[in-house]
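These notes concern the structure reproduced below.
Read from first to last, the chains carry the letters A, B, C, D, E and F; within each, the first residue is number 1.
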Amino acid sequence: MEMTVPHPAVPLLEARALGFHRQDEPVFAPLDFQLHAGELALVEGDNGSGKTTLLRMLAGLLHVGMGELRWRGEPLQRDACAGDILFLGHQLGLKADLSARENLRVAAGMHGQRAGADAGAVLADIGLAGYEDEPVRRLSAGQKKRAALARLLLLPATLWLLDEPYANLDRSGIARVNRLLETHTADGGAALVTSHGAVAFHGGEPKHIRMHA
Amino acid sequence: MEMTVPHPAVPLLEARALGFHRQDEPVFAPLDFQLHAGELALVEGDNGSGKTTLLRMLAGLLHVGMGELRWRGEPLQRDACAGDILFLGHQLGLKADLSARENLRVAAGMHGQRAGADAGAVLADIGLAGYEDEPVRRLSAGQKKRAALARLLLLPATLWLLDEPYANLDRSGIARVNRLLETHTADGGAALVTSHGAVAFHGGEPKHIRMHA
Amino acid sequence: MNPPGLVTACAAMLRRDLTLAWRRRGDIAMPVLYALIVTMLFPFALGPEDTLLQRIAGGVVLVTVLLAMLLALDAMFSSDIEDGSLEQLVLAPQPLALMLGMKILAHWITTALPLIVIAPLLAGMLHLPGAVLPVLLLALLLATPVLSLLGAVLVALTAGTRRSGMLLALMLLPLCVPAVIFAAGAVAAAQQGLPWQAPLAWLAAALVLAVVLAPLACAAALRIALDA
Amino acid sequence: MNPPGLVTACAAMLRRDLTLAWRRRGDIAMPVLYALIVTMLFPFALGPEDTLLQRIAGGVVLVTVLLAMLLALDAMFSSDIEDGSLEQLVLAPQPLALMLGMKILAHWITTALPLIVIAPLLAGMLHLPGAVLPVLLLALLLATPVLSLLGAVLVALTAGTRRSGMLLALMLLPLCVPAVIFAAGAVAAAQQGLPWQAPLAWLAAALVLAVVLAPLACAAALRIALDA
Amino acid sequence: MSSLQTFLAMGGYAAYVWPAYAVFFAVLITDSVAPRLRRRRVLRELRARLARQSARRDRAQEARDPAHPTSSSP
Amino acid sequence: MARWIPLWLHKLGSPPTFYRFAGALRPWMLALALLFGLIGLYGGLVLAPPDYQQGDAYRIIFIHVPSAWMSMFIYAVMGVAAFIALVWRIKLAEVVAMESAPIGAAFTFITLVTGSLWGKPMWGTWWTWDARLTSELVLLFLYLGVIGLYHAFEDRRQGARAAAFLAIIGIINVPIVHFSVNWWNTLHQGSTVNLFGPSKIAWDMLWPLLSMTLATKFYYAASLFRRVRTDLLALEGGKDWVRKIAESEART
């Protein structure tokens, strides 16, 4: 799969001297990076270096403290690109009392769904066949993670922000996420992924964004 | 560090046809294994294969559904060996409003502490120097995990039951856990660890316990 | 690839919250039982004198129902914050105010409505005259949504703090008092055979205002509260 | 390498819970504020007639304080269950009943004690005669720990469920009723100048029993409830 | 006929006596019908569960043969 | 399990055996319940004379009192079964305790409603906060609490153990219900039927009452057996004997 999508001139997401302050202290050193359609960026850094903070800021959950964010060349407008960005954090955003299928349905009701995608098929694809209708509270840690990752398959979005998507997954789950990232970037999407290993990306050389506390 | 502690005849922990039922269905196939002092056992299996269930059963949080557990050769009595077993699960058991140091102090008040160990030193050792007095809610995911792992250094116990201790840790954290396991087994302790990779154990060949759904 | 229409999104939201409430129907029944208990305890605490009970019946039922609602208010967003679903909601390509409006509606349906349904029973336990009952129900129908709506704004404001219950209670007090005064005024007037429409008209006016403004305020408050 | 003594462990437990309560002092104040609000709403709901208020003062204060306690009961173990600390407590090499006893004590100190402290204020707001106040306080001092202790057992039983609030309320009702009856009986007797010692003696006996048995029952219930 | 009427009138207490008996029978009939319905549901669910179990087993079998090479973790 | 439990009891405690045993006995219990019920109703509604004070209203007694007794009797049975379930973890005891609760709740409910219907003409009110009435209401809440707790757990056996625990705690309420009329002076009347001495009730009225009492006891046995059988099927879903039943009933 050594296929690379040629970069359009305008980057999908661009950060210029981006920073965040907590109690008036910068959480990480100012960042500059560009992410084009078809690219994967790995956010790397030690525990506490600010990866989660960065992703939450990009997603729009934290206010940009310093510097600028640009979306397709223009200053980022949250309302304009809300449906284009999908964020998956340490907290999975699943209701424990609903089944994986019901959780997906709610998400699809908000975000819409990809043409031809369907909750049941997506869950089977991610390895939850037979568990579609169990309440999420009864799933194991890795099964919960899979249920959250199923959103990536079902919902339409251009930019994925994934905070440690590999944690708690077994080897086949990790491989599945890697393949997901490959097809997504091959389709012209982009992704920012934090991880402490486990990425094996075959769709070109991923970008590396290093965080320093 | 190719040093191996000779096995005493009587295993520390022994499982005979151990099983657990949920809604009258077995969660995993019956297990037989022995764990001697100085040994490390890796519990391996896919997501949902019952690793967490097994560890919780060994810790005494779930009732043994089938088969038998023996401790130092005799049927396991919870009260007799409570202080000897340390369990660390997916939920870290930290109070978010207390600092890491305060959390450790409470644990030490219940379990006692190793001779010469001290909360501050232990936290520095595990990589939380400077974060000892932050409320745990303000720590990053990996820092929280480290705060929970500090219990291993502070509390006295013979058998460690660790459920995915590597998740969320960075490379240095993973290496630290591996070294912890080495010294613990070299000191005559034993450990059961679940993980989807990341173990690099230099204190002899670890046992493997494979789980099948 | 466009996000779905407002109606779809609203329906999804409402359905989600109602399903959740149904899954935890034990919790829905909580305010109801709480109100029942309170009303049952009164005869024990005051002695079973019918005339005394009858005299205080309207007031006790009102206070009980509103307090039972306050109880449930605190939980409006808490589970969504804990499991990260609120973040997902904030990030969804839908107007947040509208989605929150649906959440508030679901909350009212699951907490206030059951209370209103059992209000006649509560009133009966305290021997409230039957003629006053319609006024009491009308007062509750107007006062409870006001409380849900304004309460939601306050809950949203305190969402980012570690759900400080005190703060919530403190800020709700000034909201409760007028609602209770108007509602109780109407019931008392009805019980004495006087006209009772004026106080209820005030409540209705407050309700209209709250329906329009509260979801917007709630959305703004939530965005502030989550940003930390 | 032996586990620490009971005193150390108890102290650690008590200190932990009190520190936590202090860090969240907003939440401690919640029942107090709740009781204040209820007591303030009554004059509004019933009209400010002194004789009527005086007549119901004792009962209302009692019911209010007990209900405020019930409110806080639900949270006794919930945060510990969510973050896994309860598991760690169950696994600790210490007698679980004793540790739970400490938790209950901490809970009583942080919820009931503040309520008892403000009870004179509540009574004053409803014009309770000053002479009755000592009896009221005594009744509260005896009734609140009984409620904390027995409530803890029930909360422990529901710990493994998805914290069904209704269940708790349902099961608590039978416990509240006798406590209210005896406490209110004593207050009413005092208010009428009759001897009030007998009902309080019953409460005291119940308290002694509860102190001995409830922590044990609580530990047993918790072990059952967590086992899933 | 009139004896039946006096019987039904219950000395003027018909409004209390007959509802009491009606409640008695209604509640007991409900009590005996409920488990009958539940039994049917239990058996239906049991059969569904058996079917589901075999589906899961098939899937597990499928997952065991390695699909994609994984290079992971330090 | 304790060694002194006789073998036959031990065997009866095994689910498939009890399933068959209960299935065989149930029709007989139901038949006896109907027989005694019809006799009692005929005796009570037709043969017994009107009361000199209460007129015909007293005829509620023939359902009120047997139901009231059942409400307490079933609680006692449930308490004993709950105790056995907790101490020896016998599945059958858990099931008996948990399936007794709804039947007990039904009888408690009947007691409350018929008492209310009787109270209106006799005392002039549907309800007062009197000691016996209140403790009976508390009994209903206890039953509901047990049922609710049982169903609140995902795992049925765990739920059964938790609910059994609650049932045991609540057992103190049973003597309170019974003795409340002696301990507090109340509107509700005291004992009129005395098993061990002269009863304060005419024989014409007594025998239909006793007949109805027997009928309710047999009804309880029949209903309990049916419920226990269903519950055993649900609990033993993994076992072969249940699968066989499921498959055989699918075919019919």
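As a working rule, a residue touches a chain if its C-beta (ideal position, glycine included) is under 8 Å from a C-beta of that chain, and two chains touch if they have at least 3 such contacts.
What you are looking at is a predicted structure, and each value in this text was computed from that prediction instead of being measured.
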Legend entry - From chain C, the most remote chain by mean C-alpha position: B
Inset, instruction - Would you mind checking which pair of chains has the most C-beta pairs in contact? - result: C-D
Inset, instruction - Quick one: point me to the chain whose Cα centre is farthest from that of chain A. - result: F
Legend entry - Numbering shared by both copies at the chain D-chain C contact, with half separating same from different: same
Inset, instruction - Compute the distance, rounded to whole Å, between the mean C-alpha positions of chain C and chain E. - result: 34
Legend entry - Interchain centroid distance [CA atoms averaged], chain B/chain E, Å: 43
Legend entry - Centre distance in Å when chain A and chain F are each reduced to the mean of their C-alpha atoms: 58
Legend entry - Multi-partner residues of chain D (each touching 2 or more other chains): 24, 82, 161-162, 164, 166-167, 170, 173, 177, 227-228
Inset, instruction - Could you list the positions in chain E whose residues touch two or more of the other chains? - result: 56, 63, 72-74
Inset, instruction - Would you give the residues of chain F that are in contact with at least 2 other chains, written as numbers and ranges? - result: 148, 152, 154-155, 237
Legend entry - For the chain E and chain F complex, residues of the former touching the latter: 7, 10-13, 16-17, 19-21, 23-24, 27-28, 30-32, 34-36, 38-39, 42-43, 46-47, 49-50
Legend entry - Residues of chain F touching chain B in the complex: 155-156, 235-239
Legend entry - Residues on chain D engaged by chain F in the complex (per definition of touch): 153-154, 157-158, 160-162, 164, 166-167, 170-171, 173-174, 177, 217, 220-221, 224-225, 227-228
Legend entry - Complex contacts: residues of chain C adjacent to chain D: 24-30, 32-34, 37-38, 40-42, 44-47, 52, 55-56, 58-60, 62-63, 66-67, 70-71, 82, 161-170, 172-173, 176-177, 180-181, 184, 188
Legend entry - In the complex, chain B residues that touch chain F: 21-26
